[in-house]
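Below: a set of structures, written as structure tokens.
Next come two complexes, and both contain chain A; in the first it sits with chain B, in the second with chain C.
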Partner chain A sequence: MTRLLELLAVGLSLGMLYALIAMGFVIIYKGTRVVNFAQGSLLALGAYAVARIAPSAGFWAAAAAGIVITVAGALLIRFLLARARGHDHMALAIATIGVDVVLTTELTRRIGPDVLSMLDPWGAATVRLGGVTVPQARIAAMAVAVVVLGLLLALFRYTGWGVAMRAASADAEAASLMGIRLGRVATVSWMIGGALAAGAGVFMSTFPSAGLDSHSSTIALAAIPAIILGGLDSTHGAIVGGVTVGMAKALTAGYGSELGFLGAGFGDVMPYVLMVAVLMWRPSGLFGTREFIRV
Partner chain B sequence: MSDRTNLLRRALPVGGLLLALLVPFYLSGFWLLLGVMVMAAAIGAIGLNLLVGTAGQLSLAHAFFLAVGAYAYCWFAGAPGPGGGGITLTGLELPPLLAAVLAVATAGAAGLLFSPVAGRVRGLYLGLASLALVFLGQHLLFNLSSVTGGFNGRSVPELSVLGFELTGRDPELTLLGVPVGDRERQWYVALVCVVVAYVFARRVLAGRPGRALVLMRENETAAGVVGVPVSRYKAAAFVLSSMYAGLAGVLLAQAFQRVVPEYFGLVLSVEYLAMIVIGGLGSVTGAVLGAAFVTGLPSLLSHYSGLLTFLAEPGTSGVDPAVAARLVFGVAIVAVILLEQGGLVALGRRLRPAPRPPAGAAGQGEPGPPPDPASHPVLPPQDMTTASS
Partner chain C sequence: MFVTSATRLGTAVAALSLVAVGCSSKATETADSSSGIKTGPGVSADTITLGALTDLSGVFGAQGKIIVQGNQLYLDKINAAGGICDRKVELVVKDHGTDVQKAVSLYAETEPEVLGYVQMLGSPITSALDTDITDARTLTVATAWSSTLLKNPEMIVMGNTYDVETVNGVDHLAKEEGLKSGDVLGHIYFEGDYGNSALQGSTYAAGKLGLKLEGIQVKATDTDLTAQVTTLKSRGAKAVVLSVGPRQTASVAGVAASLGYDVPLLANTPAFDPSLLSTSAKSALEKNLSVMTSIAPFSSTEKGPREVAAALPEKFPDTQPNSFVNLGYASALVYAEVLEKACANGDLTREGVNAAFRQLKNVDTGGLTSALDFSATGRQPSRQTYVTKVDSSVPGGLALQGPATESETAEGYTSAG
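Up next is the complex of A and B:
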């Protein structure tokens, strides 16, 4: 029983991090209709910046700097893509794959075989809560994720920018005719997407993970099942999808010995299996807008 | 003048083919191996371009289908016995040529299995969903070790007909004083396959299915209204592209002589996507050019790394040839999308001495979006229309 509880706690905390990453994808998609395949390398960029700055400036300053650098990176991509305005969304998505290749290659080269530590204040400390052991870093991650996701949902619902973004995502042309500046919506979306990637990157590289290594940019790919599960354009879906993916991963990995017939490391594949199953059932995800076409 | 261009149009492929037939008599093993790999990649890229460029369905699963082709061939043709790392391999020991055909069919069947998703999901969604296949594939390759050999991979049986090895050295053969060894034979096998794959793709695109796919990409509703069975065509495009990938996998396996799971990861899928984007989306010729560029660049950079002093030794922290190649093709993808969506093919069209009137407007050398970008989501497949007219 404690084992199940422990796995659920791990799954929930991991799931909240996936929800952060998935939210980044979804916000950029809603604001600009671009699926940003460079999200993974942005995540690694943020974590890399923190790891390099933290030894001299301390964790908190480094975290702030890491977020600023990643936001700048995201804005760079946004203005690069704006040069290709009018092109279709698939071409733009492919362009972000190109950006991802460049950024990942450079980061991989810089990181090399090292494993970089975030030098975060939580270290490897753990807390016991009713017989369940949870790393402090994961509790901090969960707290941050809950606050950030809550703020974002409130932002969408109550602020002018939130309304503008929802309008732009529902019908960009009509929104533009109503005086909503699509360019500004896009800029803010990319900034939020970049900041979310940096934050998730830092927490993904703290305990219990060993640190940032050259494979870290693939972490964001594990959030792709989350956005497909929830629906590409659904913010609530991103959270539900993220938690589902985290739980599925933690449970399959935790009961790995019982599920041995599925092969070693099935936990990493489980989210993708779930994703394909959901797609067979509902092609636009659980909460995504169903496409309907008026003729 | 149009007569002369027509003549050139006919003479060019024939001349190129003759040249390709003569190549093994003059070039060394390094160039032949590179050529085989380029030709195999070209077949895979042609298949991916049918799906992404023509049908407008993004796929990142190409590495998976390459793996299915390569491993299925090894399993159908391979002998059972001990593999590396204490694994007992299974295999059917079928005649290799039959095994190759079955391997391509297996890749197609794998594509068909995915068709409930591939047929219903549109464009970008498919791109994201197809990621699942790459990761599932990796998992299977590492864990299904009696078929795949697990981490250590599996050695590839030679392709042969009635005891004559088409890709090996046995029996020895000398033509005009030049020994025709394994690399030479592989070159010819790959050449035959790439020509067949090229011509077949051109015919498919010039005909009814190709036009239906283009219409589907431009306007799915309109396609449905004029009677194109949309989801069946989507699934069919996916299956055809996976069969191309399967054939490419079989040929690559011949060139490598040993297949390992690590090779067939997401990076490979992205490389194939890079090929078709750089070469020109929707163009068969573009796929071939892109394959040559993306496959050739890393090999050429490391071959000439002695001359290119700005490149670091592999394994050091500097920019080694592999890293340099990846940086170049990453930048090339972005540049193509931003500046010239037609890729290398469109660039070639611009440089053509006497452009026909409609192409004249785009021939001013000014990089920018096409006149009416909204109606041309990807590249209008001019390559195909000129071929049929």
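Up next is the complex of A and C:
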């Protein structure tokens, strides 16, 4: 029983981090209709900046600087893509893969074989909650995720920018005709997407992970089944999808030997199995907008 | 460097390019009339050229760099003493960045100019170039320890492969850490060559010692191993073998400490890096982690490692030391022994060099590795493994626990290959 609870705690905390990453994908997609495959390298960029700045400036200043640097990186991608206006969204998405390769290669070169520590205030400390040991870093991550995701949902619902984004997402042309500046919506979306990537990158590199290494940018790929499962254009879907993927991964890895008939390492496959199962039932994901085609 | 398995695509492309490479080299043998020594590719009247295909810019860039420095330190020493066979030994270093396709084309480019390779870094790269190395007969030091490497007659493996290393390690757990028959032994391993090789060893040792093996496979991208450690704890595993990368090792040690799961951890050579000592897992690693390795740690007080420790700061003052410099130094030392033997036989062609290589039954590296016996293809050059403990107070972060030994358990073991 303790083991199940421990695995559920691992799954939930991991899931909230996937939700942060997924939210970054979804917000950029909603604002621009581009799937940003460079989200993984932005995540690593943020964590790398924190790891490099923290030894001299302390963790909190470094975290702030890391977010600023990642947002600047995201804006750079946004303006690179804007130069290629007129292309369809698929071409732009593929262009982000190119950006990802360039950025990841440079970060890999800089990180080398090292494991960079975030020097965060939580370290390897843990607390016991009802018989379950939970790392403090993960509790902090969950708290940050809940606050940030809550704020974002409120922003969508209650602010002018939120309305503009939802309008742009539903019908860009009509929104533009109604006086909504699509460029501004896109810029803000990229900024939020970059900040979310930086936050997720930092928490993905704190305990129980050892730190940032050259493989870290691949973490964002794990969030892709989460966004497809939840619905590519749904913010609620990103949260539900993220938590589902985190739980599925933790439980399958934890009960790996009982699930031995599925083969070793099935924890990595499980999110995709869930994704395919959901797509068969709801082709636009759990919360995604269904596409209607009128003849 | 030792861990990633080649992607299928990469291997396929590599295999195709190999066809082209295979045709490009025709050994040009000539007899040096003045000294009566037969020579071939890579050997001129005054120079022997060796290659190093390594990673200076990619994932394993820092390791590659320090191994090259080790190579260079030894070759400088040899050249200062007059070289080999009245020839200077020159090193041609190429950076493949752990990119299989790039490595294949760099091999094609360098192969006609060099006698062989004193360093080839990365399992995916040695796998892709395996048949080409056999065909061109370029004697190569494989900077990895997969058991499959032993099958190639042109491959120099520096010590024992991961499986034997693991058998010796598990035996050490039984003798020194009180693991006994009926106990559960956990093993977290990477998919691919490295992990599978180690798993063969732990499976064999568990069978011999009556342990119940609980294996869990992970990927290089798995960085939070809480679920895996929780499972091993609930299974009551009394010790855990780690055939993973440094980052996974740190996660396991940190999570185990946070769960109050206080058991000995045993790592293969690639699972530890001194940079882990600056992470939050430091104290857990120092308390519980031992590393099994064929290469003596930088802090060893034997003659060979002392020589390296004295030479390194003089030539490369900025290098943070670790045991990979010893690996580079020992590789060049072994290669030099081969060349000396070939010279004495009067044949510095590739065929002659291979014949000389197989005549070496007892190479003494001055304690950089245990004594190495290269007389037969498919056999472990050494069956002795060093036990080291993590210790942040010594340079390189690993302290030797005693001389390299072969366990009784390993005596009956042969690699399945």
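Just so it is clear, the second predicted complex is superposed on the first by the 295 of 295 C-alpha atoms of A that agree within 3 Å, B and C clash if a C-alpha of one lies under 4 Å from a C-alpha of the other, contacts with A are read in each partner's own complex, and residues count from 1 in each chain.
The criterion applied here is as follows: contacts are C-beta pairs under 8 Å (C-beta built on N, C-alpha and C of every residue); 3 or more make two chains touch, one makes a residue touch a chain.
Nothing here was measured: the structure is a model prediction, and the numbers come from that model.
K.L.:
Looking at the overlay, does A:133 come into contact with chain B only (first), chain C only (second), both, or neither?
P.N.:
second
K.L.:
Kindly classify A:112 by the partners it touches after superposition: chain B alone (first), chain C alone (second), both, or neither?
P.N.:
So A:112 meets both chain B and chain C here.
K.L.:
Check whether A:265 is in contact with chain B, with chain C, with both or with neither, and answer first, second, both or neither.
P.N.:
Touch partners of A:265: chain B and chain C.
K.L.:
With both complexes superposed on chain A, which partner does A:93 reach: first (chain B), second (chain C), both or neither?
P.N.:
A:93 sits against chain B, while chain C stays out of touch.
K.L.:
Once the shared chain is lined up, is A:227 touching chain B (first), chain C (second), both, or neither of them?
P.N.:
first
K.L.:
Pick one for A:124: touches chain B only (first), chain C only (second), both, or neither.
P.N.:
second
K.L.:
Quick check on the superposed pair: does A:171 touch chain B, chain C, both, or neither? Answer first, second, both or neither.
P.N.:
neither
K.L.:
Can you give me the overlap between the chain B contact set and the chain C contact set on chain A?
P.N.:
Correct list for chain A: 109, 112, 218, 264-265, 268.
K.L.:
Under the touch definition given earlier, write down the residues of chain A that touch chain B in their complex.
P.N.:
The touching residues are 35, 80, 83-95, 97-102, 105-106, 109-110, 112, 218, 221, 224-225, 227-228, 232, 262-266, 268-269, 272-273, 275-276, 279-280, 283-284, 291, 293, 295.
K.L.:
Can you check the complex and tell me which residues of chain C touch chain A?
P.N.:
57-63, 191, 214-228, 230-231, 234-235, 245-251, 254-255, 257-260, 273, 275-276, 278-281, 284
K.L.:
Which bits of chain A are touching chain C when the two form their complex?
P.N.:
Against chain C, chain A makes touches at 2-3, 6-7, 10, 14, 108-109, 112-115, 117, 123-124, 126, 133, 135, 204, 207-211, 213-216, 218-219, 222, 249-251, 253-257, 264-265, 267-268.
K.L.:
Residue numbers of chain B touching chain A in their complex, please.
P.N.:
For this pair, the touching residues of chain B are 52, 56, 58, 116-117, 120-125, 127-129, 131-132, 135-136, 139-140, 142-144, 220-221, 225, 266, 270, 273-274, 277, 281, 317, 319, 323, 326-327, 329-334, 337-338, 341, 369, 373-374, 377-378.
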